[in-house]
Structures are given as C-alpha cells and as structure tokens.
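Two complexes, one shared chain (chain A), two partners (chain B, chain C).
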Partner chain A sequence: MWFLPVLIRNLLKGPSTEAFPFGEAMTPKKMRARIAFDPESCALCRVCARICPAGAIQFEKRPDGLEFNLWHNSCVFCGLCTLYCESEGLHATGDWHLSHPQSEKYDLVEKATVKFQKCSKCGKQKMPAPLPLMAKLYPGLSADEIERLRAMCPQCRKAETAPQDGGTQ
Partner chain B sequence: MNAQNPSLLSRLSSKSPWLYRINAGSCNGCDVELATTAIIPRYDVERLGCQYCGSPKHADIVLITGPLTIRVKDKVLRLYEEIPDPKVTVAVGVCPISGGVFRDSYAIAGPLDNFIPVDINIPGCPPRPQAIIEGIAKAIAIWQSRI
Partner chain C sequence: MSTYKIPVGPLHVALEEPMFFKVEVEGETVVGLDITAGHAHRGIEYLVAKRNIHQNIVLTERICSLCSNSHPFSYCMALERIAGIVVPERVEYLRVVADEIKRIASHLFNVAITAHLVGFDSLFMHVMEIREIMQDTKESIFGNRMDLGANCIGGVRYDLDAEGRGYLLAQLDKLKAPLAEVRALYETNGSFLRRTKGVGVLPRAEAIRLGLVGPVARASGVDYDVRRKAPYVVYDKLSFDVQTLPDGDVWSRTMIRLREAIESIRIIEQCMRDMPEGPTTIDKTPEIPAGESIAKSEAPRGELIYYLRTDGSDKPERLKWRVPSYNNWKGLQVMLTGAKVADIALVVGSIDPCISCTER
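For the complex of A and B:
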C-alpha cells in the first residue's frame, strides 16, 4: 500500500526526461561554459595567458596592439582567467552549445585586437587602462578625474597623482 | 540481403545508429558523462534511437574520449579498424580535439585527428550531457547522409 503515494506523486510530476534536443535545456545560472572577452576592459597584463592551464589563451603582436586569442577547443572552463582578470575583461557565459563539425575546428576562437593608446600628456604609446581597473586603483576619485587619469601613461599618472611641494594630496 | 529493395536496410538502420565508446587514455570524466547520457532517465540518449553496444563490430557512431596516449594509440587504431564502414567519429571532450591540459606532454601521441578522421567535435571538460546529446544528434544527421 505504501507505494501508492509514490505512484501518485510520480504520475502528477510528469516525465523526468529533459525535452532537449527537442526543446530547451535547463542551464544553471552560474554555469561556466564559453568564455567571453571584452577588449574594452583589457589592460594587456597577459595574466590570463600565463594562468591558463590548457594554454588556450595566447597573445599575438600586431602593429597597433596585441591580438587576444582564446581557442574554445582547448579551454577547460576552469575559470582561472576570469578570477585573475583584475580589469574584468573575461567572463564565463552559460553558452554550452559548442559542438561543431570538424571543418569548423579552428574557427572556434574568441579573437579581438586590443590597441595601444597615446598618452594625453606626453604623447608616448601606452598600454590601455580600462575603467574597472582604474576604479579599483583610485577608489576615491570622481568619474571625470578617473577618465583624465586613464588617458595618461603610468609615468604622467604618477606625476599627476603624487603630492606636489611636499604636501599631501 | 535485400536484392529487390536495397534501401530498406539502409532506411531501417538510419533510424537506429549504435554507439560505441573508446577510451583513449581519458581521465574518465567524459566517460562518466557519456554513461550519464545513456543511463539516467533525465537525459536518455535512447530517445534519439541510439544505444550503446559492447562490440566494435556492431557500432555505427564511435565516441572517442581522451588525449590518445602513446601507450593506448595502437590499440585504439586497431579497434577503430574493426568498426565497419560507414562510421561517424565523434571526439568527446577537449582532450581528443586539442590535447586539453595534457597538450605537449611526452605521453601524448596526438590530437586524435592526426590519426583518425573525426566528423564531430564536442569540446568541454567534460561536456555536459546535453552538449553530448547535441553532438550525437549532429552525428546522427551525418550518419543518415552516409548510409
């Protein structure tokens, strides 16, 4: 007799098989799958390429900057790059639809060129200073101040933010 | 077998390809996910008409996991030869596709496609069961075009 409640419950619950591939599949909210790269928030520190255990991330020299390459066929979704990216340029998305025919094997690459910039003060070529990183470095400053410092090279920024005439900032 | 209607056998078998797993030195993560797609009712790969078989001679779709270690390479190639043509090869996980974290190791013979013609790649470490089912669905489409 004790099987009756279980039987009724199972009948009410409906099938336990997921509808996929004939319907939508459930994806957990925090699932780590395809890694997305935002070239706007890359400081070109290249920690991600150093930390990647599978060697999936590589930087290549280009005349006006560095090209970021992430091969999804090598990425193991460990999430170390998203953890170590201080400028929040790398994010894990929930997109797990990565299966592909062999002809597309080498097309499955996240690719973007991060360009060098010119210092607004001395005009020298410099690495980009993305907004999330600068907001962490100068927490007390206003948005306009941070925008002004972002456009400078590290030397000019140091001179700008150092206390002048022995006083405090 | 079917002299009058040779397409009958093809028509029947195109609906029920049999899957065969080869572990080419895998860490067992992808193999667990492959077993999950077949055994657990939540994923149930048999809805697509396929089922796992124990003998390479019955296989239609081959699922290969692992980075193809040097020790297992000859055995995998011998096993692959035993599978009758036409067959569809699916590389499951990043290891057979690129080597994954084992790439450039002294114990690794390959990416798999240096030795075996691969048709479908399912990257992931391991790929989730739904991703494997998606890849198998693509492999079944190739299988139906080949038979």
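For the complex of A and C:
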C-alpha cells in the first residue's frame, strides 16, 4: 500500500498541532492542573499534608491559626489532596499556565492562614468547622441549626446534639 | 575478518532512555552483545517503603509513563488481596477501560517509533497524530495525558456517566478507520516490509527458554497473555483474541501491537455495553493488616508482577515488582546476533524496552 495518498491528504488537511501560544490550546473540563485552596472550607485536619506524595503541602503555626502552603512547583498534579479533602477545601482547576521566570520560583505558592475560632458556648479556642463538612456530618438539619453548631467546639456540639432523655435523636 | 567492539548508547538508542550496549561486530554483522543497565536507577523500591499506601499509588504511577496505569492497578490489586477487599463490579470494568485505553496509546507509540527507526518519518508523524485521539481521550476523561490517576484502594477515582460513555465510544469510532488504514500500511508497504521482515528474529524455542513475555513473545508464536491465562478483574467475562504470529521478527512484533490495539477497542466497547451501575469505591476507609500478596497483570509490554508485604502499619514493608522489559531485554542477545549494525536501534526499539520501569 502506498503512503503517498495519506501524505497528500494530511498535507491538504493542514497542521493538526495547536497554535499555542498564539491560539487556544485544548483544556478539558476534568483537567487536573493548578490546585486552588479555599480557607473558608478548611477544617485543619491536615490530611492533605499527610497524603501529598510530593510533600508540596505544609502547615505552619501562626499565632492566630495555621498557615496552609502549597508549593505549585513541587505539586505533581495527582489530585490526591482533592480526593481526600472531606471538607472540599481543595479543588483542581483547569489552569495549567504555570510557566514563570526563575526569579519568581519561590512565589508560586498557594498560601492562606486558617484562623482558630472561639467556641460560641464555652469560649475555648477551637478548630474551624467548615460548612461542607458539617452538612455531611449533620444531614437533614436546617441551615440555621448547622450554623449554630458550627460556631461551637466539638465538646459543646456533642453535648448539644446528644439525646436528652436517653432516646435516639 | 577482524572483530571490533562498538559502543551503542547509553543515550538515545531507540527511545530517549538510557541503555548501554557493547556490540561486537564482524564487518557489519553483530556477533556478540554485552548489555549494561542501571543508568536510570532512582531508588523507587526504597522510596515506596518510606511513603504511606496512598502516596505509593501516585509514586508507582510515576515509575514509567507508558504503562503508568498498570503499576498502580497491580499495586492496588495486591493491597486489596491482603486486606480481603472485594471491589464492586463497576470498578472492575472501569479499571479495564483505563488499562485498555493506556494499552492502545502505548502500542501506537511503539508502532510509531518503529516507523521512525526505519527512517519512515512521515508515517511516524501520521501514527502519532492518530495516537493523539487517545491522548485527548485520556485528558478529557481522567484529567491528564499520561498519569491517569484512575486507581485508589478499593475503587477507581473516575466514573463514566452517559455523557462520558458517549464521548469515549465516539473517540473510539474516530480511531477505528485511521487505525485500520495504518494496519494495512504496515502490512503491505514495501519500504516498511524491506526494513523489518526477517530482521531481529527470535525463534519460538528461544522465546520460551528466555521466558519472554508480552507482545514480544506473542510475535514469536508463544500464546501467553495474563488476561487469558490468569484472568484478573473481569477479563474472563470479556471476549477478545490473544494475537500471535509465527515469525518473531520486527515486523511481527509491530503487527502484534497494532492488532492488540484493535482488540483493545473491542474490549472497551464490551465494557461500555456490559458495565453495571453501582458504586465506584468501597464505602469505608481501607485497613491493611500485616500480610503478603502477589498481583499479576498484563501491562502493554507483558506480564507485570507485584509482590507486596505489609506489617500492619500504613507503609509497605517491601514492595517489589518484576516488569516485562526485564525478561524481554534478554531476548536482544538472540535477536541482535547476526543483525546488521544499522538495525540495532530498530531491533532494540522492537522489544518496546521500558528502562525506567526496569531500573526504577
């Protein structure tokens, strides 16, 4: 079989490569690229730092909370952190434009401080209880009720939600 | 005639992977061969003992790029065997789909490289362009062109809804016609046949003696495929033909890969048809007790064996794998003896060597 017809057909079809950087390159919806962090949805369980195979995620102590650091240059885009983050604080975005000058290599960090909170009932310092996690823990409760429980520490929350008269709730 | 020793490698013998050959030649004919390995050793077997079981799914996936799904797949099977986890049936189908998509892409890559090594670069480009259909599929379904991240302990990390199934089937349909055309080209094109027929011959008896596996063994007439001989996941429920050819030359090995790519399309289509509804992971956190197990799978290059020993902690005590290229490069001794110097790269490329897997 002759290759010439295939060659001519390919020639007439024009280039099949993408015109990037002068044109758009294909970015599928499910693409695992730069990881985004939402401090509002972080429960400070730190499972992401434990699970990250590249050691790209670290937590550092600050006076008022813990600082989340994700080094994009260490990240291998495996998406394990997004898989195991129960409170949905980590998401893979489709943004793969990570090229940068050498001088900025230490700035390519996802950084945010997650603040400790005060329990609305006993006033002790407590870890935050983000909404997505609480909605999973207390399905069927109203939004107001969840907000109220969210502001408490685990001990007060337990006391609050325990069955009052030995019956089941 | 006097003999010479010429160095081939360690860089860019066939692929961009390091392997060093000391080739003894008589005139233009190869009479002896000395293989030196170890240029791509990264100490991954040590590393896996320092990482927890979840991290190791990612680490094993990055041992090699072309068979990147076979490694975490076998690793997860070994872990699940120790923990006695039975995965849902839908997971088994989805794992087959991921593995077969990788097989198509891997085989097409080697077939393209073979065209490049005989100097047929326009065919190389053409096949790579066809392969791009599979690359786009992987990127759209899994989120990455090479490292699918399809497996987790007790399940898979992706799901195919009606839209996903439709997309996958459409992509496979798009692949069929060009693949059939390429197969006809490789089967009948004079330029290609003259460079590959009767080159690097590995007789059946030698393939058995040296314990060769995968497409290399099947091209020498050895009917051995783990998917058929020791079925794992749902391969026993799927209908596919194990491809064999009698000649054992470079051409046969190329044809086996093209035929297997076509078979893989059939397998994925059956999976799409038969896949039951259900969960994509087990619904509890896996607990891995102390124990040891072995898992086997058919990677694109042949039989891949994982041995895992755990001690009840979250880190494996020992993880060892034997990759198909380890067996197959022994076959080079036979294939290259009597070959011409100009065919060395072609013959080396025809066993589809994966140096990063083998030396890790």
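Basically, the second predicted complex is superposed on the first by the 154 of 169 C-alpha atoms of A that agree within 3 Å, B and C clash if a C-alpha of one lies under 4 Å from a C-alpha of the other, contacts with A are read in each partner's own complex, and residues count from 1 in each chain.
We adopt the following convention: a residue touches a chain if its C-beta (ideal position, glycine included) is under 8 Å from a C-beta of that chain, and two chains touch if they have at least 3 such contacts.
Computed from a predicted structure; not experimentally measured.
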Legend entry - chain B versus chain C as contact partner of A:Met1, first or second or both or neither: second
Inset, instruction - Could you say whether A:Arg32 touches chain B, chain C, both of them, or neither, answering first, second, both or neither? - result: second
Inset, instruction - Once the structures are superposed on A, label A:Asn73 by its partner contacts, choosing first (chain B), second (chain C), both or neither. - result: first
Inset, instruction - Look at A:Ala143 in the shared chain and tell me whether it touches chain B only, chain C only, both, or neither; answer first, second, both or neither. - result: neither
Inset, instruction - Would you check which partner chain A:Pro53 touches, where first means chain B only, second means chain C only, and both and neither mean what they say? - result: both
Inset, instruction - Would you check which partner chain A:Pro101 touches, where first means chain B only, second means chain C only, and both and neither mean what they say? - result: first
Inset, instruction - Mind working out whether A:Ala162 is in touch with chain B, chain C, both or neither, as first, second, both or neither? - result: neither
Inset, instruction - State whether A:Glu18 touches chain B only (first), chain C only (second), both chains, or neither. - result: first
Inset, instruction - Touching chain B in one complex and chain C in the other: list those residues of chain A. - result: 16, 53-54, 76-78
Legend entry - Residue ranges of chain C touching chain A (in the complex, touch as defined): 51-52, 54-59, 61-62, 120, 122-123, 125-126, 129, 132, 136, 139-144, 147, 149, 152, 157, 181, 184-185, 187-189, 191
Legend entry - List of chain A residues in touch with chain B within their complex: 16-18, 20-21, 25, 33, 53-55, 71-78, 96-102, 105, 108
Legend entry - Residue ranges of chain A touching chain C (in the complex, touch as defined): 1-3, 6-7, 10, 16, 26, 28-32, 50-54, 76-80, 83-84, 92
Legend entry - Complex interface listing, chain B residues touching chain A: 41-44, 47-48, 94, 97-101, 103-104, 113, 117-125, 127-128, 130-131, 133-135, 137-138, 142
